[in-house]
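Input: a single structure, listed below in structure tokens.
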Amino acid sequence: MINSKAASIKAELISNKKAGSYNHMVFSVGELAAHCKPGNFVAIKVGGPTSAMVLRRAFAIYRASMRSDGMGLLELVVAPYGNGSKWLASQEAGSVIDVIAPLGTSFGIPVEPVNALLVGGGYGSAPLFALAETLKQRGCRVDMVLGASTAAKIYAPLEGKRSVNSLTITTDDGSAGTMGRVSDVLSQLIQENEVDVIYSCGPMAMLQAITEISTAHDVVHQCSVEESMACGIGVCMTCVLPVQGDDGVVRMTRTCVEGPVMDGNKVLWSTSREIPDGVWGK
Amino acid sequence: MSINFSTSIAGRFFPTPIFTASGCAGSGKELSQFFPLTSLGAIVTKSIMIKPRSGRATPRMAETPSGMLNSIGLQGPGIDLFLENDIPWLRDQGARIIVSIAGESVEDYAVLARRLRNVPGISALEVNISCPNVENRGQVFACDPTTASDAISAVRRNIGGELPIIAKLSPDVTDIVSIAKSVVDAGADGLALINTLLGMVIDTNSMLPKLSQKTGGLSGPAVRPVAVRAIYQVRAALPEVPIVGMGGVSSGRDAFELVLAGANAVSIGTATFGDPLAAMSITRELEEIVEARGFSNFSDAVGYAHRTEQA
Amino acid sequence: MSINFSTSIAGRFFPTPIFTASGCAGSGKELSQFFPLTSLGAIVTKSIMIKPRSGRATPRMAETPSGMLNSIGLQGPGIDLFLENDIPWLRDQGARIIVSIAGESVEDYAVLARRLRNVPGISALEVNISCPNVENRGQVFACDPTTASDAISAVRRNIGGELPIIAKLSPDVTDIVSIAKSVVDAGADGLALINTLLGMVIDTNSMLPKLSQKTGGLSGPAVRPVAVRAIYQVRAALPEVPIVGMGGVSSGRDAFELVLAGANAVSIGTATFGDPLAAMSITRELEEIVEARGFSNFSDAVGYAHRTEQA
Amino acid sequence: MINSKAASIKAELISNKKAGSYNHMVFSVGELAAHCKPGNFVAIKVGGPTSAMVLRRAFAIYRASMRSDGMGLLELVVAPYGNGSKWLASQEAGSVIDVIAPLGTSFGIPVEPVNALLVGGGYGSAPLFALAETLKQRGCRVDMVLGASTAAKIYAPLEGKRSVNSLTITTDDGSAGTMGRVSDVLSQLIQENEVDVIYSCGPMAMLQAITEISTAHDVVHQCSVEESMACGIGVCMTCVLPVQGDDGVVRMTRTCVEGPVMDGNKVLWSTSREIPDGVWGK
């Protein structure tokens, strides 16, 4: 079933600031903020009343908080990429935006303190900072790896960095941190920090690479996947991935309701644009 | 408001004329979090096949100007689990249920009709014949009057006398009126117009078709003029046959346009993806418009745009 | 930029692959105030008939989501005045000219071909067969393989060996590939895809069809997925036949999508109404994209989205 | 041929103020303002970059002027009606709007002073005020009749009223001026003021009614017609009316290039949605 707290609201945009290649956007969402958990996402209507864009856009929740004055805030990190995200990033404070939140699953929080490694690619770092805070509160060790093609695409705000034990950065072009990909540095970090669980968010190819490493090291891997979504609420079946269920059967599974946070080791990653053999109903 | 907003399709009564479109509301569970399903005229369930089905590989969708392409490929649990899980749940909600079925052979349609004939609590069967016929080089049933009527006859023969049959047609044909006539002759009690148009999007970065299956079905406001035309043509040719209209409806105004063309009820598809509450706001707006135009019965507005020809 | 941006259609050379679409640029006079017609690959003139024609009564158009309907009804001066006024003027501009013709009978097409066969300065003939055939209950030529090929044969027999014939097809058919094959067999040297889709808009205030003729042709970005699909299917079936693609192109990205699907040239229709300079910006953007994707010859990009099948 | 001065420009919106049911909108258009004549219109792109509206909207020029500081101003009167005009009316000062101007024909200005009667319906009064000024400068007597359904739909700014000898107002509901239609008061005004020429702009039914009266009184009638236009520049043939040419032949004539100002007595008014008999090429 869909996130039981999900509701459709009009949210006022409170602030919209450039941060490297991204826009950091803050919305006033009232009580809803209290129900948002790290890993949840929102679905936003884009383009205004006469827009040619008929579908919402999904954005991971960067942070959600209830202020002491009772105002509920929802924060997103938006990469202005195509028509929808560019429209959103061009909105000014005071605009009223149509938001459905919170949606989807959230990161599982261990009851006992563990050693966690958080891995983000591009704007995929967004949901990891709120997660890091929660994990720290539970007494976990939190190390973080962020990767992107280039320095401006690393989203790592100051206050966010404070809540992690270590931050490793990789860029494809070497403009910040180590030159290379996040997967290049993972094995070493897992061993050094005796990692129990990996939390990840980023492009699918990155999640697949992380899964290979996590499996090799026998580490739990919770990843937030990003399949393109038409509805975000579980009615259209566009956002599916082959995922193994508790009964061992692999089904094409909706990532908007049974994700975006999923057990990486249960996903049948594939780049072939074909349904893998053995999937239920193939 | 005080108008009579109910409609009837082949003798079945629906308190409002706004339905969900097959494949755009699942089996209702998710939408029930946003509104009670009883406030819909009916929920039309995602087309169900005999066996469980994985559907197509992703990417399965692409947004297009004022529309979208999909190639879900009829993912679903198969008729057994559907009857076990979805129908009882929907009955418990008090929802009016129209079950959509899809097959790959004439025999598939016959089997599905037999499985459904004695199931209580169903208002009608919608027969999705926009499916490739594996026995006929994958040609879509709905694209030929003979194969279309073969599928409908199979349902007619196996369904018994109780359940009305609504045949859902594809707009991807040279002459939709001839298909409509052939399925009505084969025993369809009503028609659903229109299914999606065959389209394609090419990703200009990868320089390959965006969907894994290359082509997909085009829906959304972009196709509304095609839906209105199809409904108008079929209503003119078959004035007595009830029509469930659909295609690009996202407001009460849009729904009213299909009603004026000849739709006795209107299904909401793609609009639900943009707004889970779309069916509710459309219901409200349509009722307002129908009343504002001076109709005291919804049914008097059905096909009203044809009145010059009749005069 | 240094890429080879020229294209050829049935042996005729065009310095750029962006054309105007028939009926969306008149005979070029008005657009020449915004840019020199020589910067177009070619101007495709409004379909001309034998006699002067008033066209349909107004309203002739309705805007639709990401598109529009039109029912101009082929208003025009007839072939005599066209040859007297428009062709000499276009020749004086140095424009490359593709003349679009339309008829109501097979004989009309034959007559028009004879009138054009010896006219100098024309690059090709585009044969618009999306017209009602008065000899066949008004059925549109392009909707049936036989009538479509009859019209093209008539042109072929009467045009002589010089002028390439481009047959313009309607997407309102069950199987566009079979129509394409039949007109190529009948002597078409190239294909133009797609003409408009049949649609209708109902004015919810008057509660009557918005257009005086009720139905009209749907064009604009809304139909682009249908155009891409049609071009892709026909290119796959007839890899050697040149295609002039059109349907909803309003940017270089859009044009590139049609090229990847298989278009050797791309015509700009409705986009010109939103921006008289559309053909120019699209030309510029397309050249940039083709180069950015690493092609040194435009023609290498044509049909590039088919490469997986060929591998 | 299309207006030889027509050009496509990006114009900054300088001001946008409510005036009764309308918005009075001022654009900075540079040199172009000098080429705009009373009766010309502009074609505006509506809905922004991801709009589902593919066609421009036509608006009559209310006023165009070159300021002493060299700034060229273009003024429009916009009725927020459907999606396009509502979008335009909702734009704020500072927005940059895509405008093609000037388009179409203009009102013919007599060389000798004459008695002119200007008749406007709804926002159809817009182009008449600039015309009134020009006519006054040429020594004409200028009387004006404005009609609308209700008082708020009469557009008659103070400075505009100053340039006319008399102003008669009619409203369907009697909320301002005489209750009734402009055509009800015309005959009397034509006789009283010895009118030589009528200039009109408004709904087609009004123009037709005026034509009947002007013909009866044998008065010249220049009207600005409003057929729906897809392109505004003469290439699409959607905007046609049956109009008698100098050669006596009635042709379906493009109102965007051979109009919007036309000789009302040459138009075959019809409400039948059929091509009248005798039209060339029927």
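Letters A, B, C and D mark the chains in the order given here, with residues in each chain numbered from 1 onward.
Assume a residue touches a chain if its C-beta (ideal position, glycine included) is under 8 Å from a C-beta of that chain, and two chains touch if they have at least 3 such contacts.
The structure presented is a predicted model; accordingly, all values stated were derived computationally and were not measured.
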Using the touch rule from the top, work out which pair, C-D or A-C, shares more C-beta pairs.
C-D
Nearest whole angstrom, what separates the Cα centre of chain C from the Cα centre of chain D?
35
For the pair chain B and chain D, the C-alpha centroid-to-centroid distance in angstrom is 46
Roughly how far is chain B from chain C, going centre to centre by Cα mean, in whole Å?
34
By the touch rule stated above, which residues of chain C touch at least two different other chains?
65-67, 220-221
Pull out every residue in chain D that's touching 2 or more other chains.
52-53
Among line, ring, star, complete and other, the chain contact graph is complete
What residues of chain C sit close enough to touch chain A in their complex?
65-66, 221
State the interface residues of chain D toward chain C in the complex, per the touch definition above.
1-2, 4, 6, 8, 45, 52-56, 98, 100, 227-228, 230-241, 251-252, 257, 272-275, 279-282
Applying the document's contact rule, which stretches of chain C touch chain D when the two form their complex?
23-26, 29-31, 33-34, 46, 51-61, 63, 65-68, 70, 72, 75-78, 212, 220-221, 250, 270-277
Which residues of chain D touch chain B in their complex?
52
Quick one: which bits of chain C touch chain B in the complex? Just the residue numbers, please.
64-67, 69, 143-144, 172-175, 197-202, 204, 207-209, 214-215, 218, 220-226, 228-229, 232, 248, 253, 256-257, 260-261, 289, 293, 304-305, 307-308
